[in-house]
Every structure is written in structure tokens, then in C-alpha cells.
């Protein structure tokens, strides 16, 4: 059974009197134990929908227009704020992109890790701090007991992200949503954080939704990949199948812009020309059509539904009117 | 200019617009007051002592806002007082502004010991509550219009100097200043032609904020009998005089104070808006 | 921290020394105190005598050193009115001024914090509008007028509170409200805008993502972070408060240092004026020293830089 099932989630944004449906209707599920990698450019709605699920979307300007998001049998969107609060930081953990600003600069690290433990596990401050020291060790920060009394500015970017991870996993969540947790970090540190998260996921048997714009990161950690563009799923399926046999021109473009071993050093990376659509005036058909060299006339007038790919593995789905392998051949 | 207008009429700018309008009305009243058909503000009439306000929905009456303990018309005195107040405050802010901006320019541009001494002076003066400094100087010099302007200018230069200096430090290293220096422009030329234009906006913002402060300070000094001297009418003095009659004639203290509050409010609104418009970073001080 | 404390202490002492110098310059160079002190029509001989008595026949720098030495020893000379050491005359009035300033600050901080928090919490509602309107008016209302209005309303019309004087706690209410209004308004405005800024910060989203209760988020992640500019503001406001106390004390016939200074000026009692100004300036410097220390306690980043 799916741990999280999102049905027809639709989110809008109002700005200066204009209104945009940034997510026109999103449906997908995450199985228990699965790691889902959601890939997309900024503005693809990948972060916004995650915030909307947890009631963290600033409203206004944002607005949830409809849909359901069933987590563990209960609809997150229909739930009272108080019940949602019990889940946040407890059974659902979240990690944000920028560790430099995501921690409170004037509170000790110890207090910030202890807070969710006191809130959800009914621990005293002393118990929570003891646990926090263990958690720091778990995320690879040595000398945890001493570092608990330090402040965020005394930690490097990578260390702060480790602290954020410690906070997110402190209550051993069933679901962990990681919103670009490595984007703001140095490349070498990115790798360490990625390994750490994979290890923690296996040890704590967490289900994970990993949001990123980096195909390479998804390849390293996810079971399933879901490519999003302009608030829609363009393609989705097991990582191996999608990487080996992309069916959406957008996925194909993203893969082409990825450096890999087969290309000679110094060779040019492909770029996708153009820029994402203006969500205040979205194109009528497939949102990627204006940038798509393979677009058919139908792409420009009618948005394609997400359908299973007939000759691929089960679970591989694409939203495209064209048949990419035939066009590439 | 069009940009300023658009920002003023935006939702967040309507308070600024209100302040600007109010201020324009006050200034016009002050300028054209003598041409209005009002009683002489200094003419006493002991038979019409402490007449209650005659203002009603239908007419102004002989004394719309009443008369004071000597039978002088309060409305005329308020308008006459606004002339004196705005003149004194305006002159003081201008004088303090020129002095402070100049010293700030010098301090920021040359740096070194000049900067250290000037900034130390600023710190010292900020360690002395304005009111006390003004009181002391006026008490020593004797109260007169000229001394009053001098004192108020003296207490307000520091804030200009501080803000302008900060701005100069930021501008000094920019390319156009560096290139002016490279082609051998003289110091005064660089300061006046290249740096001054960049510090005028913050100085203007400080000037509005200072104007409100100086108006209140002047009224306070006059209230204590150390500011504007009779027979010149002043709001502070009117309040001080009306204090004795507070239980029998509420209007003597009410209306001059209201005028004072509205003026300060207008200047504050405009100042807040200017500050937000030009430089939100100035917000703290 | 120790070095920081020392350097701030030195700064404070330099500032006080500067104030001493200003006081000296103002009182000696702007006029001949002997002429100011003696009644009109005094003889030349009396003048000379007084000058010699005050040390005014010495070179100016020697007078300055004598004055400085006196200040260090707390000796401002005798009050001309009371024929006693000026400093002790001033210090006798200190408790009244401190009572007034402390209550006004308390009023300002408590009311301002409550009003500012309410405005931030209920942003976009009528609550915010009312609080902000009152704060704007509060900042624009001169203390002496507010004092008169309050007397008019509560003492004259309603007869609830005394018009002035120094008798029991009831007589403190109006002066404290009067003096505290500007502080209240300033703190309310600053706190509101500070809180609205902090509420947009990423770390508040993190706090909410932890599932913390709204009260916890507000107190520990919004209010706690918005305190820092408020503390700076209190240091600045202390100056307004001490300056405003001069006027407020006059309005309410409050027997404090401010009123003493005004009376001493009218009586040309310079030693008392000098002692009074010095005492108030010293208090101001000490308050700001304290504010700087508090600042470090509230913000670990600043503590680290020191």
C-alpha cells in the first residue's frame, strides 16, 4: 500500500492581482520503503507541492485549490492544523535546501535538535539533549556533547546540513521529505551528505521523497524517478528504465545535459534552449512543447495525459503525444 | 518623478501621500496666513478673555478656536505660530544639514585622524540627551531666535554626519571615484562632483526625520520659556501659558498641541515613507 | 568578552569626558559667568572679587583642569540657591527621577512589546491597523502636550488622579504614562516590523516543520530573534526618556533632576545645572554600556566577534 498518495493536488499563487495555477492537478504515490526522486527546474512546482502537503506553504500568496494527500490513511489536506502539527517533525520529517538560513542563528544546536523530541516524544530537556548528542554522532558529527552548546555560525555549511538531518530524523519519521538538501553545498560535501542519507534511510527504514534538479543525484539515491515540469509529471518510472530509455523529450534533454563518462573530456554539454513557461499565462497544450524540437502540432493545443509506456517495464509512465525512440532513431 | 508618484500612490504609500499633503497644507497656511481674514494674533482684548470656541457646523464665528487668557484669537495665533515654528525648524535643519553633510563628507573621504576625531565628537554628543544640550546652550547664550536656530542646528548635525560618512565610505571605492582620482581630479572636485550627489538622498531622508525632532525640541524649549520669546507667538509657549487655565479653558492647551501633533505626524509620515522608498537600511536609526 | 568590556568602558569614559568638556565650554566661553551670576548693577569690584573666587582670573586651560579635577572628585561647587554642594542637591532629586524614568520605561517596554506582537500576529486585520495608527500618533505627540491632555482628562474632568506633585503611587501614573508613550509607540512599531521580517525567515519554516506549537514558534523563533533591534532601540530611547523627563517633570511638578535643572537655569545656578547634566549624561552612558552587553547576550554571533 502507498504510504503517501497524492490525488489531483492543485496549488495556485496570487501576485499583484494575478493568479497562477502553478500545480494544475498532481497525482502520484510513494510506496512504503521506496525512495522517490523528483526532478525538475526551479518553478516546476516540486518544492511548492511538498510545502503544501505539510501546511508550510505561505498562504497568501499561495493557495491550495483542491485535491487529497493521503498519508498513512489520513488526508493531510483535510486534517486540522493541530493534527498536521503532530505529524510534522514526528512521522514526517523535512529537510530544506539552504542550511545557512534554515537554522535559528540565536539558539544553540542542542536546543534546536531537542525541540522536536520534547514536542513529539514527551522528553524532558535533559533527556532530549542526551538523545541529541547521540543523533549528532549518528549524522557523523564527532564530539557531539560539546557541540550541542554551540551556535549555527560555529558550523560549516556541510555540518549545518548534518544538523538539519539530525533534526529531521530525530523522531524516526516514516517519511522524510528532502528538498534539495545538497544543492547549496560544495561538490565534495554533497557526496558525503548523499551517502549519509542513504545509510540513514536504510538503517531507519525510512520512505524518502528527494526533491532535486540534479539527475545525477537521483541516479545515486532513488528507486523511482519522477520528472516534473510546470507543475506536471512529464515522466515517471524505475530509475534504471527511465535513464536507459527516456520517453519524454524533457527527460531526454536533462539526461543529455548531464556529464558522463562516455563523452570525451572537453566535449560540449547539451543545453535545453528556452526557459520555463510563465505560469501566469501557461501555454495551452504540453507546457514543454515551445522548447521541444520534437513537438507535434497536437502538443501545442492539447496537454497529454500520463500513460504507461507500452513496451517498457511496469510503472514506467510518460506524458507525451510523440514517440521519442522512433523520433531519435 | 513619475516613479516617486507611482510609489506614493501605491497602497503602502498612501500614508506618505497623506503626510506630504498635510505638510503642504500647513506650509501654505503658514505662508498665506497673514492674507487670511483673521484677527491680529498679538492684539489683546481683555473683554474677550477665554472665549470658548465658536466653531460650529454652520459657521466659524468670531473666534473659531476660542481666545486665550489675554483675549487673543487662538486660530490666528496657531497660524502665526506655524510661521515661526516652520521657519526656525527649517532653518535649523538646513543649517545642521549643511554642516553635518560637510563634516560627514570630510570624515568619510579623508578618513584617518580627521575621521576618528569627528566620529568621537559624534559619539560624545549622542551621549548627551538633545534636550539637555539645547537647554544648556540656550541658558548660557540667552534665548533669541538666532540662538535658537543655532542651538537646534548644533544638536542635529550629528545624525547627518554619521549617515553621510557611512555612505561616503561605500561610494569612495567605487570605479567612478577611483577613475576620477586616477585622472588627477582634485579632492574638492571629487567630493563635490562625484561623491556629494550620492549622499544627498540619505541626507534628505535624515533631514525629514530631523525636522520632526527639531520641531518638538523647539516647542519643548519654548514650553520651558527658553525658546521663542513673546510677543512672537509659538505653540510651545501657548501651551505653557494655557497650563494655568487648564481647569477653566480647555481649548487654550488643546488646539496648539493638536497643531503641533499634526505637523509632527505629517513630517513623520513623509519621513518614514522617504526612508522606506530610498533606503530601508536606514530603518534602525 | 573581557577586552570588549574594557574597550566599551574606555569609550564610555571618553564620552563622559567629552560631555564634561562640552559643559565647561558652554558655561565658560559663551559668557562671563560672573556677569551672569551677579545682579544687574553690581560694581566692578564685586565682579573682580567673584571672578577671583570662582577662579575665573586663571588662564582658561587651568580653569579647565580645575573643573575637570572637581568633576572627578564629584565637586561641582556650591549651589548658589541652596548654599550646599551642587552634586548632593542633584543626588537628592535622583530617586524621584529614577522612579519616573523606570516606570516610564516599564510602561513603554511592556505595552510596546504587547502592542507590537499583537500587530505582527494579527497582521492584515483591524488589530494591526489600530495598533499602528495609535503608534504613529504616539510618536507624533509631544510629551508636554500629552501630559497636559492627561491632566485635563483624568485630573480636571474626571478627578481621578492628582494633577501633579509627588504623593504616593497614584501621582506616578500620569507622568509615567506621559513619558512612556513615545517609548511604547517606538517599540511597538520596531517590534512589529522586526517580527514580520523574522516570520519570513527560513528558520521559522524549519521550526514549523518540526511540528512545534504556535506559541513555541512565536516565543523562541520569532520573538527571541526580534529582540535584538529592540534592545538597541531601548538604548536610544533612554536618551529621549531622560530628555523628556525634563519636560514631563515640569508639567507634573515632579521633584526630579529635570525640573531641578530647569529651575536652576532660571536662577542661573550653574553648579547645579552642570552637576545635573553630568549625572544624567553619566546615567545615559551607563545604560548604553549595559545595552551593549545585553546585545552580546542575545546574539551569539556578536558574542563570537568580540
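Order as written gives the chain letters A, B and C; numbering starts at 1 within each chain.
Heads up, the rule we're going with is that a residue touches a chain if its C-beta (ideal position, glycine included) is under 8 Å from a C-beta of that chain, and two chains touch if they have at least 3 such contacts.
These are the chains along with the protein names UniProt gives them: A = ABC transporter ATP-binding protein; B, C = ABC transporter permease.
Quick caveat: nothing in here was measured; it's all calculated off a predicted structure.
Common neighbours of chain A and chain C under the contact rule above are absent.
Of all chains, A has its CA centroid at the greatest distance from the CA centroid of chain C. Chain A and chain C have Cα centroids separated by 54 Å. Rounded to whole angstrom, the centroid-to-centroid distance between chain A and chain B, based on C-alpha atoms, equals 56 Å.
We define each chain's centre as the mean of its Cα atoms; on that basis chain B and chain C are separated by 21 Å. The touching residues of chain A, counted against chain C in their complex, run 54, 56, 85-90, 93-94, 96, 98, 101-107, 115-116, 119-120, 151, 153-154, 164, 167.
Considering their complex, residues 11, 14-16, 18-19, 22-23, 26-27, 30-31, 36, 136-137, 139-145, 148-149, 151-152, 156, 193, 229, 232-233, 236, 239-240, 242-244, 246-247, 250-251, 261-262, 265-266, 268, 273, 277, 280-281, 284-285, 288 of chain C touch chain B.
Residues of chain B that touch chain C in their complex: 15, 120-121, 123-133, 135-137, 139-142, 212, 216, 219-220, 223-226, 236, 239, 242-243, 246-247, 250, 253-254, 257, 260-262, 264-265, 268-269, 283-285.
On the side of chain C, the complex with chain A involves touching residues 201-203, 205-213, 216, 220-221, 224-225, 228, 298-301, 304.
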